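Order as written gives the chain letters A, B, C and D; numbering starts at 1 within each chain.
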Amino acid sequence: MSFLIAQSLVNGVILGTLYLMMAIGFTLVFGVMRIVNFAHGEFYMMGAFAALIGVTWLGLPYALTLALTVAFAILLGALVERVVFRPFRSDELSGMIASLGLAMILQNGALLLFGPDPQAFPSMVSGVFRIGEMIIPKSRSLALGVGVVILVGFYVFLMHTRFGRGLRALVQDQEVAALYGVRPEIVYPLGLGLGIALAAAAGGLMAPLFGVSPFIGATPLLKAFIVVILGGLGSIPGAALAAMLLGLIESFTSSFVSASAADIVTFALVVGVLLVRPSGILGRGES
Amino acid sequence: MSTVSTMPATGRVSVGGAVFAIALVVLALVPWFTGSTFHFHIAIMVCLAAMASAGLATIAWVGQLSLAHGAFVGIGAYASVLLVTRLGVPFLIALPASAIVAGAVAYLIGKPLLRLCGVYFVLITFALNELFRLVMLEFPSVSGGSSGIAGIPKISLFGIVLEHQPEVYVFTLVMLAFVMALLWTIRNGPLGRRFAAVEENLVLAEASGIPTARTQNAAFVIGSAIAGFTGAIMAHYIGFISPESFAFQLSVSYVIILVTGGRLSLAGPLIGAIFLVPLPEFLRSAQQYQHIIYGVVLILVLRFLPGGLAALPRKLLGSERSGG
Amino acid sequence: MKHRAILGAAALLTLLAGTALAQEKTLKIGALVTQSGAGASWGNGMKRAAELAAADANEDGGLDVDGTKYKVEVIAYDDGYKANEAVTAANRLVFEDKVKYIIGTVGSAPILAIQPITEKAGVITMTLGFTSQALSPDKSYTFRPNPTTGEVAQPQIDWLVKNKDIKTVGALFPNDETGEAIAKDIGAAYKNAGAEMTATEFFERNRVDFIPLLTRIVAQGVDAIELDGNSPVTAGQIVQQARDIGFDGVIIRTGGPATQEIVNVAGEDATEGMYVHSAYDPNVETAAAYERRYVDTYGDAMNGFSPFFYDGTKMLLKAIQESGTVDDTKAVKTALENIHDYKGVLGTLNWTGKDTYGIAHQLDSPFYIAKVEGGKEVIVARCTTAGCE
Amino acid sequence: MSGFLKLNGLGKRFGGLAALTDVTFEATEGKVTGLIGPNGAGKTTCFNLLTGTFAPTAGKVLFQGKDITGLPPHKVVEAGLARTFQSATTFPKASVRENIMRGALLRHPLGPVASILGGATAKRAVSRAEETVVEVMDALELTPYADREAGTLAYGHQKRLGVAIGLATRPRILLLDEPAAGLNPDEVDRFGQMLTMLKERFDLSMLIVEHHMRLIMRICDHIVVLDHGEMIAEGSPAEIQKDPRVIEAYLGGDAHAG
């Protein structure tokens, strides 16, 4: 039994890290641009394809591929902000509907380019670490390690750079940010770029574990939604707490009860939080 | 329009309105001109999509959007099918009952949630649609599980079974007219005035003494009840339902119809359904691009025609007035 | 508006052109399959099978039916794996295109949704849908040209349980209609064979992380893990993740030919020693030739169900020829039922299923148990519905 | 005196931060009360607690002896406290007449059936409310613009329309949030005169949050001063102008002696 508990704990933390990467990007984009980005999952998908192309088609090293994926995602984000989202800055609802359109374009574009069949991604590492009875596959340790590095890097960037402070100011209050000289022409595109770069990085990291196809964006998007509903939209600490909670709940319920119970428990939790604290565990609310 | 003097004057477009009404009647008659069973089927699907989207429009009139609309269509469908097949209730009773069930569920959900405004509500309805699907999958004894329920009895009125598409079409058309008439009445009555106030300026509406949360919940309940009503007709026409039939994509398709048609006008859902439901039949040769085209159309309409196709004539005539 | 008008005009021209061609007698076959979304790989496999079969007939100047040559044309519509869209497409095929034969649908929900239309109109359908409800005596125009778990599971499982000394089995299935149907069949088959499916897990189709579920299954000490019902990639992930957490028992895939994809995903090491269902013996030259032709024509990997639908369409065309009519589907149906020992690319084919479904519209084809060695299938037993050896 | 509008130990904390602490004062019936203080003093928070936008974390709000603490804004309006907004806030797509009508209908409530389906009852309610609309439009000199779309009005007119909507709800007290913001000195003067006129004509009390000292000193009968979320002084305009604590608060902070 203690073996199962320890194993579930490790699994839950790994899942939580993935969810956190998805949710932080999502909540950042909302905080900065006030847009609920339904295309967020598609950027995860594109990150996975970018990694696949880099590693299997171009034969690049995995680390370089990931770095290129992130750089490419930031540029793409800036472009998408300009072309799609800029006209809807003052209109949350239209921006959100536009993101639905964007999601359809991206997913079906990928379908057109790569076909519906899932693509195989070669394993980056194989084998397992054994700690007592506990078993941690090396592939997961790698994803976890790189994921934590990216998240820590992002945190440092957000807390200790001028630009990061500008972003945080914008998340807090648009008017205050304007007072502090935050320029929307620069911060908006880069904010979106960073948000989707986190999604793309998650896609690139998870591709070796979970495979690549045009349809893989749906699950991470749903998880990001659940995390931000639980944690409070626009709250980064809330997202961190909720992502870990979700990862652990899924892992423990799957291991001790069943997989479908895990989904039901998750949604029951969502409903429960909404009834008691509709703005999320650490959300500020909007009413 | 209404005799209430303070409502926005729309007398100017009454000629346009008449032309529009005639065009609608002609369009509604198309299947009889062609006599094609397939065209009757498409016409039925147009009516059903228009009806469900009109429900979504009601929610849009208070400045909200529900991404659980497909689930409410599903709730109505399951309610009606279970009433008819398990309890032997006549369809004509099951139909309004399914609207009431959907409306009641919306009320219970909307009451706590509509204290939150804006996109937060949308986010949550997205999750609710998924929850509906999962819950239905969990209770196969009720929902038929993932295999769904097949062989649903056809629509029957006073013992007359609507076997063929033309008969179903007439029935659906009448039901659509009924729903549109109801919405017209609401829009031009006191509640419609509150809806408009809430949509235009929620904070000011609240400060003017309008209970905005309750008003939004009223719109959510009415819109979702219409969705349930549509779902009942759809289930008995198609003859098959499963949890997957009411997944998130269905909700999105209603959003596309509504936005393309015009989300704040009464005619918007009608126009959206008339344009978009038959569109795939014209795009068969470009099938793989179909969804990309939808995505592009959605973004372009939002950007250049925020009032949707319903606002196009006015835009072309150079008038800046909105509403209607 | 202008573009719409142009679009409309173009559509009209296409229609006119269509009528002009129809002068030289066309036999239209509908392909109502999934072409968008996750089911598209199956849908493409079926549609292309019908196209290749049509190409065969057209090569000799058309299908010869009672002295008249018919050019065989495949009209394909997408159902997006959705019941509603399938009904729209079926309405169009039956009432607009006046099609009498439909290859499709892929999914179980769509076939159940279109049967009220097709059965009433006497349109012959050939579906992949795994649901047992698809075939029944009151649905006499529906055929299934591919074996389902119900057909292949028992003989394979009997053989494996006996030869590999399996007592307890763990299994993971997606919680959709296919997964549930297969879970029921497989569970019963293991029970009949004297083993027990002690741990069964259902999961959301999109799930990618199986370690929590596998942890639970492995902790119960099962002898084998069953993969049937899962998509190739999911199956590959399960194999990889099961080996990752140290499972060293037998891994079995009782249905769904997809060994190559599983090996791609999981790697040669993880799949070594897996037992899989195989639809054809690579030594049967006709089957290998069909796969080469498919890959040469379309440039994609062949979906495992495609050869069944190639044979199925060929059988349908043969039945049309034998009945001597393209319009009287009742006669064609009877002729199709009466085809025995058809020599298809997969071997000798027959209709079965009277006992299970009440109607013999289920294909019975030879199949094999293979062991994966070095990433390749090696046939270890040949099977019929009667048993394996 | 039973008290008209009474704030009793009102406080609000956001997370761990105190935005307002122990504020107690009274706005007297028939008088104009001013609420002033430097930026960040808690004026807006106090205003939001009064109007029901936020619920206070401590203390009570009593209006005509009735506890209205934590009521939602629409209930507060119903109790007789109407508010205006700092920026020009209207229903932009509706006519001026319709804007005011939406406020006026508060005093003509309908049952659920009549509100959904309209009908004769609803029409009667509208025609009765029409009287209020005409009177309010006249008082705020908006009659010439009755059929204009509110969003197309000049800024000054939109601000007046904001007051008109509030007035149409027939309040006992009007709460004004920085009514002079965004107006030029001429407009400020006229706005001041208009407020005095409205007070007489509609028999109103007022509570004004304002930066604009000249306006405050001219029209207020009583002034309450907040600084750092706490009340530091209270009294007549003359007393306040001399109060050393007030002078220090303003000089130490961001002076607005416009």
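Everything below uses one rule, namely that a contact is a pair of C-beta atoms (placed from the backbone, for glycine too) under 8 Å apart; a residue touches a chain by one contact, two chains touch by 3 or more.
The structure displayed is predicted, hence computed values, not measured ones.
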Chain connectivity with chain C absent, coordinates unchanged: one piece
Centroid-based (C-alpha) most distant chain relative to chain D: C
Chain A and chain B: spacing of chain centres that average the CA atoms, whole Å: 33
Chain A and chain D, separation of their C-alpha mean positions in angstrom: 44
Whole-Å gap between the CA centroids of chain C and chain D: 71
Euclidean distance of C-alpha centroids - chain A vs chain C, Å: 36
Where chain B touches two or more other chains, by residue: 134, 137, 288, 290-291
Junction residues of chain C - those touching two or more other chains: 36, 175, 204
Residues within chain A bordering two or more other chains: 108, 111, 260, 263
All pairs of touching chains, each written as two labels joined by a dash: A-B, A-C, B-C, B-D
Chain B partner contacts - residues on chain A that touch it in the complex: 30, 34, 36, 84, 87-88, 92-94, 96-98, 100-105, 107-109, 111-112, 222, 225-226, 228-229, 233, 260, 263-264, 267, 270-271, 274-275, 278-279, 285-287
Contact set on chain C toward chain B in their complex: 7-8, 11, 14, 35-36, 77-78, 81-84, 87-88, 91-92, 94-96, 108-109, 112-113, 115-116, 131, 133, 175-177, 179-181, 204
Interface residues, chain A side, partner chain C - complex: 3-4, 7-8, 11, 15, 108, 111, 115-118, 120-121, 123, 126, 128, 135, 137, 139-140, 206, 209-211, 213, 215-216, 218-219, 250-252, 254-256, 258-260, 262-263
Residues of chain C defined as touching chain A within the complex: 36-41, 44, 175, 201-204, 206-209, 211-213, 215-216, 219, 231-233, 236-237, 240-241, 244-246, 261, 264-265, 267, 269, 300-301
Residues of chain B that touch chain A when the two form their complex: 63, 65, 112-113, 115-120, 122-124, 126-127, 130-131, 134-135, 137-138, 252, 255-256, 259, 288-292, 294-299, 302-303, 306
